[in-house]
Amino acid sequence: MQIAKVRGTVVGTQKDPSMRGVKLLLVQLVDEEGNSLPKYEVAADSVGAGVDEWVLVTCGSAARQIPGNEQRPLDAVIVAIIDTIHVEDRLIYGKKDQYR
Amino acid sequence: MQIAKVRGTVVGTQKDPSMRGVKLLLVQLVDEEGNSLPKYEVAADSVGAGVDEWVLVTCGSAARQIPGNEQRPLDAVIVAIIDTIHVEDRLIYGKKDQYR
Amino acid sequence: MQIAKVRGTVVGTQKDPSMRGVKLLLVQLVDEEGNSLPKYEVAADSVGAGVDEWVLVTCGSAARQIPGNEQRPLDAVIVAIIDTIHVEDRLIYGKKDQYR
Amino acid sequence: MQIAKVRGTVVGTQKDPSMRGVKLLLVQLVDEEGNSLPKYEVAADSVGAGVDEWVLVTCGSAARQIPGNEQRPLDAVIVAIIDTIHVEDRLIYGKKDQYR
Amino acid sequence: MQIAKVRGTVVGTQKDPSMRGVKLLLVQLVDEEGNSLPKYEVAADSVGAGVDEWVLVTCGSAARQIPGNEQRPLDAVIVAIIDTIHVEDRLIYGKKDQYR
């Protein structure tokens, strides 16, 4: 999985019928320090992520393991909102409101 | 999924029989501002996309989730025509005739 | 799918038994103008492609959708010989003998 | 598979229910000499790997071959802790406590 | 598939049980002239390849098409030892002892 920041939304009305009801977020891939990488994904959101949150993105056939996505032509999905990243016991990232 | 602009068509008559009737579009991958990336895909069209439209492209086994494609050797498919892209609440892209 | 030019052949006799009878072609990936990209694939040929022809290459699990390949450890296959590529209504590529 | 060094952990509580109980490690991909590559993965740990250990990471649908992961939206998993790497009969890497 | 040279071996004893008995080779990807590319794979060997031999490597779910690998978390496997590579009718590579 890759770490990404949610940046926005992508909307399309003329689409494969199976894509109805899928919320698509534009996420920017980042390295483990949060520096933007020159890569993005348009990923289906299954966890209620919002702009600026750090999320985990899964790519490939795994995207269809989320209940409801089994028959959808998705190749990227957000599987978790990240609370903390520790590298060698240092806290690299902590979600401010992670305890709500 | 990746954002792409439709640029043209690819036609071949000598092909795997399962590829008959598949409309293949040449799409240029772009970043979220619409700047061309040095990557393209030849993707099966399932939504009636036309040249210059911005579309969402799905790659990998997900391409075979589109009804009719289940048995086809496809690794890229257009799953939606994009109407709008919002990044941090700014409208980055709006399809001109998105309301027709 | 990616556009590629057939450049040659790869032969190996000591191989997984399921690979017997598979014709393997070395194909160079090109951009939509035909400029060589620094990427190649060794792809199974299922359409009778020859050296210098432009072909469409499918990668990943889709390679096993070709009849006869279902059980083979293939991750790339030629699915069509390209006749024409149009970009924004210009003919970018035309196979010389496409009407034979 | 790729060689990687375990660098830390990633934790998220708001996630797809199937991700509960999955230990996610941040691993840095390295070349065969151990030089860091500008790539990382957040991989599910199935072998009890710890920080600084060299591990083997499998990506893609193979990640769901690990018992318990079959239905999880995972695209990367640690499948082994590396003991030794030999290149042309030289020992390139040896895990210090590999015999415990 | 990609062309690679076998460079060495990778051994790990603490691993997913399904990985027992799998011989893992470190292979360096090369271009069609044999020049090293900055990419390697740790691939399961199913054909008895040795150091310095040129091999064909298959990646992704295809790696599980090899008998015995169906349930293993593998994403790369050696499917053939290369005897010859011809590019535009020139012999680019010939395995010295290919007739033994």
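The chains carry the letters A, B, C, D and E, assigned in the order they are written, with residues numbered from 1 in each.
FYI, contacts are C-beta pairs under 8 Å (C-beta built on N, C-alpha and C of every residue); 3 or more make two chains touch, one makes a residue touch a chain.
The structure displayed is predicted, hence computed values, not measured ones.
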(request) Indicate the lowest number of steps between chain A and chain E, counting one step per move to a touching chain. (result) 2
(request) Would you mind working out whether chain B and chain C touch using mostly the same residue numbers, over half shared, or mostly different ones? (result) different
(request) Specify the angle of rotation obtained when superposing chain A on chain B by their C-alpha atoms, rounded to a multiple of 5 degrees. (result) 70
(message) How many angstrom lie between the centres of chain C and chain E, each centre taken as the mean Cα position?
(response) 21
(message) Counting only Cα atoms for the centres, state how far chain A is from chain C in Å.
(response) 34
(message) Show the residues in chain A shared as contacts by 2 or more other chains, in ascending order.
(response) 60-61, 63
(message) If every chain is a node and each touching pair gets an edge, what shape is that graph: line, ring, star, complete or other?
(response) ring
(request) Start at chain B, step over to chain C, and keep going round the ring; give me the chains in the order you meet them. (result) B, C, E, D, A
(request) In the complex, go through chain A and note every residue touching chain B. (result) 7-16, 18-19, 24, 26, 38, 40-43, 51-52, 60-61, 63-64, 71-76
(request) Enumerate the contact residues on chain D facing chain E in the complex. (result) 1-3, 31-32, 46-48, 55-56, 58-63, 65-66, 77, 79-89, 92, 98
